[in-house]
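Each structure below is given as structure tokens.
You will see two complexes here that share chain A, one where it goes with chain B and one where it goes with chain C.
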Partner chain A sequence: MYGFEAMTFNIHGGYLEAIVRGNRSSLLTAADYNNLCQCETLDDIKMHLSATEYGPYLQNEPSPLHTTTIVEKCTLKLVDEYKHMLTQATEPLSTFLEYITYGHMIDNVVLIVTGTLHERDVQELLEKCHPLGMFDSIATLAVAQNMRELYRLVLVDTPLAPYFSECITSEDLDDMNIEIMRNTLYKAYLEDFYRFCQKLGGATAEIMSDLLAFEADRRAVNITINSIGTELTREDRKKLYSNFGLLYPYGHEELAICEDIDQVRGAMEKYPPYQSIFSKLSYGESQMLDKAFYEEEVKRLCLSFEQQFHYAVFFAYMRLREQEIRNLMWISECVAQNQKSRVHDSVVFIF
Partner chain B sequence: MVTSSSSWARALLQISPYTFSAIGIAISIGVSVLGAACLIGAAIKAPRITSKNLISVIFCEAVAIYGVIVAIILQTKLDSVPQSKIYDPVSLRAGYAIFASEIIVGFANLVCGLCVGIIGSSCALSDAQNSTLFVKILVIEIFGSALGLFGVIVGIIISAQATWPMK
Partner chain C sequence: MEYIDNLPSMDLMRSEKMMFVQLILPVESAHRAVSYLGQLGLMQFRDLNDDKSPFQRTFVNQVKRCAEMSRKLRFIKDQIHKACLTPSSNSSSQSDTDLEELEIQLAEHEHGLSEMNANSEKLQQTYNELLEFKMVLQKAGDFLLPSESPMTGQDTELNDNVHISDDYADTSSLLDQEMLNGHSTQCGVGFVSGIVPKSKVLRFERMLFRTTRGNMLFNQAPAYDQILDPATNEMVEKTVFVVSFSGEQVRVKILNICEAFGANCYPVPEEMTKRRHITQEVLSHLSDLKTTLEAGLCHRDKVLTSIGFHLPKWMNMVKREKAVYDTLNMLNFDVTKKCLVGEGWCPIFAKTKIQEALQRATCDSNSQADIIFHVKDSLESPPTYFQTNNFTNAYQEIVNAYGVAKYQEANPAVYTIITFPFLFAVMVGDWGHGICLLLGALILIVREKKLGSQKLGSFMEMLFGGRYVLLLMSLFSIYCGLIYNEFFSVPFNIFGSSAYRCRDATCSESRSIGLIKYQDTYPFGVDPSWRGSRSELPFLNSLKMKMSILFGIAQMNLGIILSYFNARHFRNSLDIKYQFVPQMIFLNSLFGYLSLLIITKWCTGSKADLYHVMIYMFLSPFEDLGENQLFSGQTFFQVMLLLLAVITVPWMLFPKPFILKRLQSERFQGRTYQSLETSDIYNDVEFDSASQPDPEEFDFTEVFVHQMIHTIEFVLGAVSNTASYLRLWALSLAHSELSTVFYEKVLLLAWGYDSLVIRLVGLAVFAFATAFILLMMETLSAFLHALRLHWVEFQNKFYSGDGYKFEPFSFAALNDGED
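Take a look at the complex of A and B:
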């Protein structure tokens, strides 16, 4: 029953919700970002960050710093917070928290398979994996030759197993098939997560379906734009779109037949929430689309904190941290390469 | 005379109202834990809020004290009745009045404790983010604790009419 979850939520989830809200107040603000953008070297960035909550993680790093070190340590902080929450959580919150990491697991699987295809060393690839998406048998992915072996040897024991039923073929893995596999897995994951949230009911279901619908629609637009001009047929493209969201089903029909960006814009402008995103871009331009989508996502994630007694705050917090790490990476790269004029191209302020 | 209503009356006169008041008090104290859990979590990241937000937990305890007070008042109203007059209408009325008074106080305390606990958790969380909000949300919490007070007043009025027949 919507509205009565306030009576019993605090018994199991009250402590963790309070921790998440406390963590959220330690996200970097616009003033912090302005200070960071004024930095000249990476050591200045390290000094500014040591005044924030990232201090303990960065203070032991020797100079000269690399941008990858900064990003790695910040990600480590996110992983520590996540593990703390996961160990304290009970069902169904613990299942919910695990669902948040399946997206990273899919990315890691694809990373290792692609790297093996291009004959890279397994250890090197394992270091590049996102720590939230690690699972035990991940190193054996390098052995598989085609998708059936991939499933049979490694993935059947992981939580990703049910998502593979739609994309098992006997073809060998090459670049195109791997991308299709990634998108098919992600589609199955989003739909599964959506169903799980609907089962939880209440405020969680309502807020999460809004956030997941936006994610599904954003992926649909990205798939469309990235597959313009490739060999991906319209039918295949349509199969990669998720079965929920604002664009389902009529928007998907229109997106499937698009052949350039202006047609995509025409299809999306019929939906008022997305019209405001596309109106920020001028005709023919697609570089700013990513930033526009990120800004819209951050706005929706911040709105989810307005309500209490639901699980979507955990999802929103993880996403906001990831956005912050992306911001830090962009700023560090710009500073390291002396291109500070381009810093504001891709930094999304959270507060 | 030997009908189901008389066996109810016998049960009423034999089950001590203490059971009902004890249940009411236990539930209302237990519910204050709901609010306290949020207080602990919020205090980890913002330790300054602990002393001010103990007020929420104290509200919940005040609700429990209402229950104890009413139980003691009603206990003084219990009196022995001669055997011939146990099923007298007057004594039945007294028994029912005490029962009703305890049920009212017990459930009003339960709901009040629930309400104060939920508002207390929101108060702790918002105080951790922005300390100017504490007093404003505390005012809402005070209105919520008035529910328990209403229950006590109604319970005392009803039980004031519970007089046993003269010997």
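Take a look at the complex of A and C:
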């Protein structure tokens, strides 16, 4: 159907595309961020946000605010919007929207399992979970002792079940293999999502494959950097890279053998899109890499709004909102801790 | 000319004269002064701190406090709503409370309420637990009960207990015995009993099944009572369960799962007697708790009612206070930091009232310094303010929907009041339908007070807002219906008998031919005997078409004349000479002439073909008109008119831009070589040509192109707008034909049968079609067409509509805006 979306897209997707584009226009702008960065207290932030679409969500909060409350309420707004879109969506858009949440689901599973391992209270952990990644029996995760049980008891009912095929072992859970599990799941998830988008075809496939490839490459770089100096073997490391993206397969070979950040840099600079990211960093520095990647991601997400009649706008919108909430969290945290000089360190302007 | 200037000013003709004022308020009386101005509601403040974000402004703390208070008020309102109390609204009796006092009171109330809530929640929690325990005891008791009879055979069957985990297919009776043994260590079979929300039962059971690999027995029974969930304040259905299993490790897992699912587990003793004993205990506890809970709720309700008594007043007060501080935030501190400086617009007539209010504020706050109020010059154009009443408001809104009038521009709403309903009625001319509409409008108007105070749906609200438009529309519709002589498309002989009658007896069946006029013309409206005749349509079409053109030309002329008054008001002689005059000549020499021909034809009864006259006036103006001549010297007259029309086009196009250019270059020279005072004189000239862009950026090509567009638009518009008025005829035709169809093909057809059922059905269909198609859809479409005729054909002749509305700081508007 490539090229003919304009004829049929609006039958099912038109309303929601309009909704999502309308929602996008309520994202905070650079002017908003500038104002927010000047705030002295969290109440100032609340006051400023009350003029934006977050207003109704924050107006009933009693005065000594906490960063968590702000973030919670802002996330609530995102969740409400997501739910509204999901209830209006028809196939295949509804599946597409559900795919967006699987990432959070994986994070939540990992959060609960790690938390239980360190004997945290389950209720407390549940509060920390991202509401988009909740599923029915999530609390039961605490019962499981090893991956096999985890799968058999709980996850077999969730959409994550197929991703588990590669990591069912009877080993007891520990920090290391939880992390490996997370990355294996993520790999399977991204590949599945990628295949799904390819199946949809048209502009959705084109734009989503670009966005997902970026995501996969970023994960590959992060895995590499985080696994430097751990006992993870090169082969194991390579197994965690997703089997698509710009770096696949030759970049992966190079990344797999990297032993320090500069080697990663050397491997990445061969790819022109990433060269610009790395050229902003000085040698030996990996602190600002996250921000550089986020900035690049935001740029790409914004670009996806330039085309019409495709589903990538939903993905892009959700990601941009999440970035916005991250920004708000950072700003609030900086304001709350009187670290205003560091406000600009991690805020990624969206517009 | 002087006569026109000396006419008394009518409120609605032009927007109120405004002035730009500056207020210097001493800090101590500023708050009071602003709140008095809010009560007066006649001053629009300008934001002097535009560049500052909300939290950098002076009174940000007060605004925050107000926001906090309104949050508390919302909390209390929420509580009252939750407790299902209706807030009483007789709040006039109480004396005014101070804001600070209120803040303290509110904090106390909130604290008290949340404490009470916490207490009652705790109590509720215990109560729930006991209630659940009671249910579990009873239900679980039922599961465990049957086991009592085979108690004797217990020992004999002990051997079998070894197998129970392998073959659970027939274990139910065996398990019962195990339960009896309870935690008997012989084989490690135990049970867990508890209660779980009904919605989770299925998943709960599945999870248990998976964890134990099927080695368990799950018994469930619905609890007979619903349990109040304290978090959501809703009743939740729950299910009692008893899980039997074997092995101590499994017990831990099951308890974990219970916790994960939010299932509350309660220990149930196995012996009957013990169980009874506990049940008794629980029951007595329950009744105690219940009385405590009820007492607590009663107390809370009492407190809430007493708060609810003041609530509306407090909310109002806080809202006002917040508005006052928001306004104060728009003001600037002067250099000494002792005074606040405010700027804004107010209508000139309100000057004394505002000064009085300010005086009062100074007195009441015992301020040493007076509030200074003085008029300033402003570069920006003043806001547009019309004082409307219930009746005129809807019409003003119709005009505003297109664009708010420029300051002091001629207001089309004045004419719209009559022309709008009239043009509507020309399209929906039927006095039967008119009466229906009139009844509807009257119902809305009679119940005005009641409907105005309550919240209506969006559609009803629209209808209610336009009730006076509806009233005039229906009245005119009755009038036009009488002229068209249509009552649900049926003609009546109200004004005497028809002027026509049969020539002889044979034509009694064939009504259409052989009629002769035997008496004077039917005195009012269309003769009823046209109805159903073969020439009905040609006659009515010709009548309505000509009528539409006459109305159109009249209304467009009115529009152009209004442009004269606009130009006159703004002292823009250029526009009069080079726009109004040629436009007038152009329109009237072509279409004014057509109107003249129409009227002449009606008066003389001539059979001239007007199409022919109009078309050949352009194609061959010098040709003799022959039998189409209406009056002598017509050919010469036509040639003259045509020449005039041709001359006016360059007249409209060229002079204005060139004159503007000359003025501009003169002023430029003045700037360069003359002293400052003389350039002031030229400022008047600048004011004359108000339509030109900013003098610094005078761009001749732009002005010329603009003028060219304007000219072309007018010339082509004269033709297309006149044609556009033919929609009056088209819609009128559609309406009358449609109602004829419904009348003849539905009502008369059904009446033709001799069956009551068919007649009733026919009547119902007719009523339905009349109500929904003719009264709603047709009315709506005619409304839209009338709207278009006003917005486009009428208003583009004179109305620029680029002003902005006067939005005074007013407490009354604040209350209107609430939810």
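Keep this in mind: the second predicted complex is superposed on the first by the 351 of 351 C-alpha atoms of A that agree within 3 Å, B and C clash if a C-alpha of one lies under 4 Å from a C-alpha of the other, contacts with A are read in each partner's own complex, and residues count from 1 in each chain.
The rule is short, and it goes like this: a residue touches a chain if its C-beta (ideal position, glycine included) is under 8 Å from a C-beta of that chain, and two chains touch if they have at least 3 such contacts.
What you see is a predicted model, and the numbers here were worked out from it, not measured in a lab.
Touch criterion not met for A:226: it reaches neither chain B nor chain C. In the superposed model, A:25 makes contact with chain B only, not with chain C. After overlaying the two complexes on the shared chain, residue contacts for A:35 are found with chain C alone; chain B is out of touch. In the overlay built on the shared chain, the residue A:59 is in contact with chain C alone; chain B does not reach it.
Looking at the shared chain after the overlay, A:308 reaches chain B, while chain C stays out of its contact range.
When the two complexes are overlaid on their common chain A, residue A:339 makes contact with neither chain B nor chain C.
Comparing chain B with chain C, more residues of chain A are touched by C.
Of the two partner chains, chain B is the only one that A:17 touches; chain C does not reach it.
Chain A residues in contact with chain B (one complex) as well as with chain C (other complex) do not exist.
Chain C contributes residues 53-56, 60, 63-64, 67-68, 71, 74-75, 203, 207, 210-211, 253, 256-257, 259-262 to its touches with chain A in the complex.
The residues of chain A lying in touch with chain C in their complex are 35, 38-40, 43-44, 47-48, 50-51, 59-63, 122, 136-137, 139-140, 142-143, 152-154. Taken in their complex, chain B has these residues touching chain A: 33-35, 37-42, 44-46, 114, 117-118, 121-122, 124-125, 128-129.
Across the interface of their complex, chain B is touched by residues 6-8, 10-11, 14-19, 21-23, 25-26, 308 of chain A.
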